[in-house]
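Paired with chain B in one complex and with chain C in the other, chain A is shared by the two complexes that follow.
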Partner chain A sequence: MTTAKTILTVDDSGSLRQMLSFTLKDAGYSVIEAVDGNDGLEKARSQTVDLVLTDQNMPGMDGLSFIRALRGMKNYKSVPILMLTTESGDDMKAQGRAAGASGWLVKPFDPARLTEVVRKLIG
Partner chain B sequence: MTIDMSQFYQVFFDEADELLAEMEKLLLALDVSAPDSEDLNAIFRAAHSIKGGAATFGFADITEVTHVLESLLDRIRKGEMALTAEHVDAFLASKDVLAMLMNGHRHGEAVDHDAVLSVSKRLNALQEGGPVAAAPAAAAPRPEAEPAEKHAPMADADGNFHFRIELPAVSQKDVDALAAELGLMGALTRDALSDQRAVFNLATSESQETIVAICAFVLDPDALTITSTGPSAPAAAPDYGLYEQVQQAQPAADAAAPEPVAKAEAAAASVGETRNYGRRATDKEGGNGESSSIRVSVEKVDQLINLVGELVITQAMIDQRIGALDPLLHERLMNSANQLARNTRDLQEAVMSIRMMPMDYVFSRFPRMVRDLAGKLGKKVEFVTRGAATELDKGLIERIVDPLTHLVRNSVDHGVEMPEKRRAAGKNEAGRLILSAAHQGGNIVIEVTDDGGGLDRERILAKARQNGLPVSDTMPDADVWQLIFAPGFSTAEVVTDVSGRGVGMDVVKRNITAMGGVVDIRSVPGSGTTISISLPLTLAILDGMLIKVGEEIYILPLGYVIESLQPASVDVKEIAGQGKVVKVREEYLQLIPLWQIFAIEPKSADPSQGILVILESEGKKAALLVDSLVGQQQVVVKNLESNFRKVAGISGATILGDGGVSLILDVAALLRSSRQLNADTMCF
Partner chain C sequence: MRTTAPDPARPQTGGGAHLQEIERDLAQMDALLEAATRKLIESFMAIHRDVASQQRALAAFAADPAGVDAHAARLDALREDIARHVGEAISGLQFQDMTSQLIRRMGEHLAGVRDLLADGACAADPARRPRAVEQHHMDCGDIELF
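Entry: the complex of A and B
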């Protein structure tokens, strides 16, 4: 039996983290939660992660900065990173792409859609 | 959404509570002429987070208000709009409305739609930069629950609108009746909220007004919460995007789309796990920014404290058994035991500190209250807190809130004078109210100080005489001030809805005494008043005096003990029908023979052969007769009620080092029930 893939979720909102965890664990993934950008980098450093989900608006380090920092880390050059954002404007999409994200998902998210996109990326 | 969201509501509500509190605190501290940009950012983020969460859970009414709030805050923090006092007032009003809407969803409480509309108007007016209209429009249509962003209540492909209708707590019959009626309008699904109230999801081509009209037959439409949900994706834009075409990660992964949906539905049924939405064990330091913490339930913390208490008792037993050994022969054992004693003490301190919370938890609710109250009374009050980081046990913090609130309201209402009067007296127009907390020995001292007019000695004495209390003109000030704690005492000329009913101060004192604390008052006419509350830091450990009667050992909380002495026979007198009294210096005190109260065979019933412990509680003194004093030590308090049942005269128990159980005396009850003497009966 293959071990479950691991997803790192980064969001300062506890209730959102809970929902993400619940949705993803239910889809068979293992989930690591981080409360902000720095925590996310810590966890990414110390554990192997197959996909990263991050919020954009966070105190301290925002989502884009986190993605840039993560891409600069060894082992994380090509790990899929999804950005959760309330803004669906082209501006944010372009910024996300420039920062190194693999894709974006609009907030509030539909659990079925989230699982579908994650599956597409890591199976 | 196919997953039942209601299990996540509680966490969102708790989070939103904190965010709203944070927002209010920051707003109150803002300097309108030079607002701190970090604070503005934090306020913006708070509104943004609440909006995000509300949108996720479908609380469109909250989303709507926070959306305008957020965009105003965004413009202000970016410097595109200037912050004015008008803004701050509107934001504070919005915070109140959001809290109300939150409670509407959380507990089904009624929502004042006029207030919501009024706040929306104010915020929108500010958006346009025009003058702010404070009064709501006369015939206000019920605001449509439309989130202003991309979630407009558009009809879906079949021309249906989607509504989510939350019912207040009504009978099952009413719920069924409504379901039947509404079901005629379209496709209806039923669900239940976490507090058992029913919620409908209805897809219909009819409008919200029609729904309300139908519901009005069965219940009060104001008690409903209707939000329009809808296809969550906006008409044109997709809700996700990938920058590059993805190769399937595994050859086996095919047609992944239908799978997640099916799984998610199955998941909704399998949620049996109860989530523990406990309280946080430690609060964030005020204003320190990042500090990580975990939420832990209070039950878990209490259990931990209990277990550590057991450990302390066991370690004390070990100490006692070892005490009988030859130290030279067992040197290494002694050393290890000492080490154990040190470790246990450290562990106990660390664990007790888990329940300690900063006083800021209590203090933070006052700035808003003082501001509103002073405004209402036409007074100017500057509110200052000191020592907000001082910590106190969570249980005591919760119990001190009401008494402190009463004292603060009193200060604003009766202490601080009206601005004209202050000016005439050569004082600052704005009165100063200081709330402070500091550790002093094993206690915490909380003070409420105002620079108002002080207490009126003559008025208090007059009122006391009127109420039949024993007073004398030569009473020292400190004793005169204590008179205001008598039941039914109030010298306020006018009973306002804030204070003056005379039921407050005696309850304040009783509550504080019940917590093992004392209240003192200092006052200078014309200058101001200070009310000083001293509380023990925790109720779980107690400094006790061990006393022996017959074969039994009891514990007296040291806080009640004034002194102990062996009386001379000549100082002990018997009063017909009232028992014995003893002369201590110039006072005659009631003598309470403990052996008699608990029906124990004493070593000697003769007071001059035993020891008298002079106790004081609630202003009364008495002399407790015991056989001997055994010693003094810190004991871990065990609750008798939870292990056995309530016993009169006993407030708890503990286990001594020799393994024996020792009961802790309820001194207040003992003194209350003992017959009190009047000065009049002292004639012999």
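Entry: the complex of A and C
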């Protein structure tokens, strides 16, 4: 039996986290939810995560700061991190890329396309 | 509700600028809610239609077990259709995330107006205000892998 890959979703919107969990669990992944960047770092430290999906605009620690902090952790140098945000400007994407994001998804997300991208990255 | 977007050619200052931003956010929220509602209604109607078709296909299967391949193909196609419509409903439901961001922004601007009315003091640092939402519709966004 193979163990399901684990995805950490970080978003301050409860409904968005719920929809991400529904989509990703339906596709066979295990999902951990975090409500902001600080919570995300705590969850990432305590559990093994195969892919991270994070929002940008969150109270407390925003998505870019979260990615920078995560990339500073030994276990997260090469884990795919996707930004899922309402932001679509080239400048923000460039900042995301520089921070260490592996990709940029603009909300609203399409469940089928999201699953396709996740499969491409972690199988 | 049909709100009118503020005229960008007439920039305001002070309290007027806050109110202009609130008007803009309200117009955007109205557009997002309308698009999301339409998308959700269409998705739910399509799911309802497909579930009814699925029931008929199952009844036909029960009445004619010999045609198993044709019935199985029909049921597979309906299952895929339902999954697609559920996906569209999930996209539509994401209006809450965007409108919530707009409501937070409007709250910050209203606080700015309140401060100006109270003592003419400057409102909170604009850089700390939630950023504007770019979406004016509920079409799914782009994906870019770096």
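As a convention for this text, the second predicted complex is superposed on the first by the 123 of 123 C-alpha atoms of A that agree within 3 Å, B and C clash if a C-alpha of one lies under 4 Å from a C-alpha of the other, contacts with A are read in each partner's own complex, and residues count from 1 in each chain.
Following the convention adopted for this analysis, a contact is a pair of C-beta atoms (placed from the backbone, for glycine too) under 8 Å apart; a residue touches a chain by one contact, two chains touch by 3 or more.
Here the structure is a predicted model, which means the values were calculated and not measured.
Peer 1: After lining up the shared chain so the two structures overlap, which partner does A:Q47 touch, if you call chain B first and chain C second: first, second, both or neither?
Peer 2: Touch partners of A:Q47: none, neither chain B nor chain C.
Peer 1: Tell me which partner A:N75 touches in the superposition: chain B (first), chain C (second), both or neither.
Peer 2: In the superposition, A:N75 contacts neither chain B nor chain C.
Peer 1: What is the contact status of A:A27 with respect to chain B (first) and chain C (second): first, second, both, or neither?
Peer 2: In the superposition, A:A27 contacts chain B only.
Peer 1: In the overlay, answer first, second, both or neither for which of chain B and chain C A:S65 touches.
Peer 2: It touches nothing on chain B or chain C.
Peer 1: Using the superposition on chain A described above, determine whether A:N57 touches chain B (first), chain C (second), both, or neither.
Peer 2: A:N57: touches chain B and chain C.
Peer 1: Could you say whether A:M19 touches chain B, chain C, both of them, or neither, answering first, second, both or neither?
Peer 2: both
Peer 1: Return the residues of chain A at which the contacts from chain B and from chain C coincide.
Peer 2: Touching chain B and chain C on chain A: residues 13, 15-16, 19, 22-23, 57, 86, 88, 93, 97, 101-113, 117, 120-121.
Peer 1: Going by the contact rule set out above, which residues of chain B touch chain A in the complex?
Peer 2: Against chain A, chain B makes touches at 1-3, 5, 8, 11-12, 14-15, 41-42, 45, 48-49, 51-53, 55-57, 149-150, 232-234, 237, 239-244, 246, 248-250, 252-253, 256-257, 259-261, 263-264, 267, 275, 290, 292.
Peer 1: Sort out for me which residues of chain A touch chain B in the complex.
Peer 2: Chain A reaches chain B through residues 12-16, 18-19, 22-23, 26-28, 35-36, 39, 57, 59-60, 86, 88, 93, 97, 101-113, 115-117, 119-123.
Peer 1: Would you mind writing out the residues of chain A in touch with chain C in their complex?
Peer 2: Against chain C, chain A makes touches at 11, 13, 15-16, 19, 22-23, 57, 86-89, 93, 96-97, 101-114, 117, 120-121.
Peer 1: Please output the residues of chain C touching chain A within their complex, sorted ascending.
Peer 2: Interface residues on chain C, with respect to chain A: 83-84, 86-87, 90-98, 100-101, 130-131, 133-135, 138-146.
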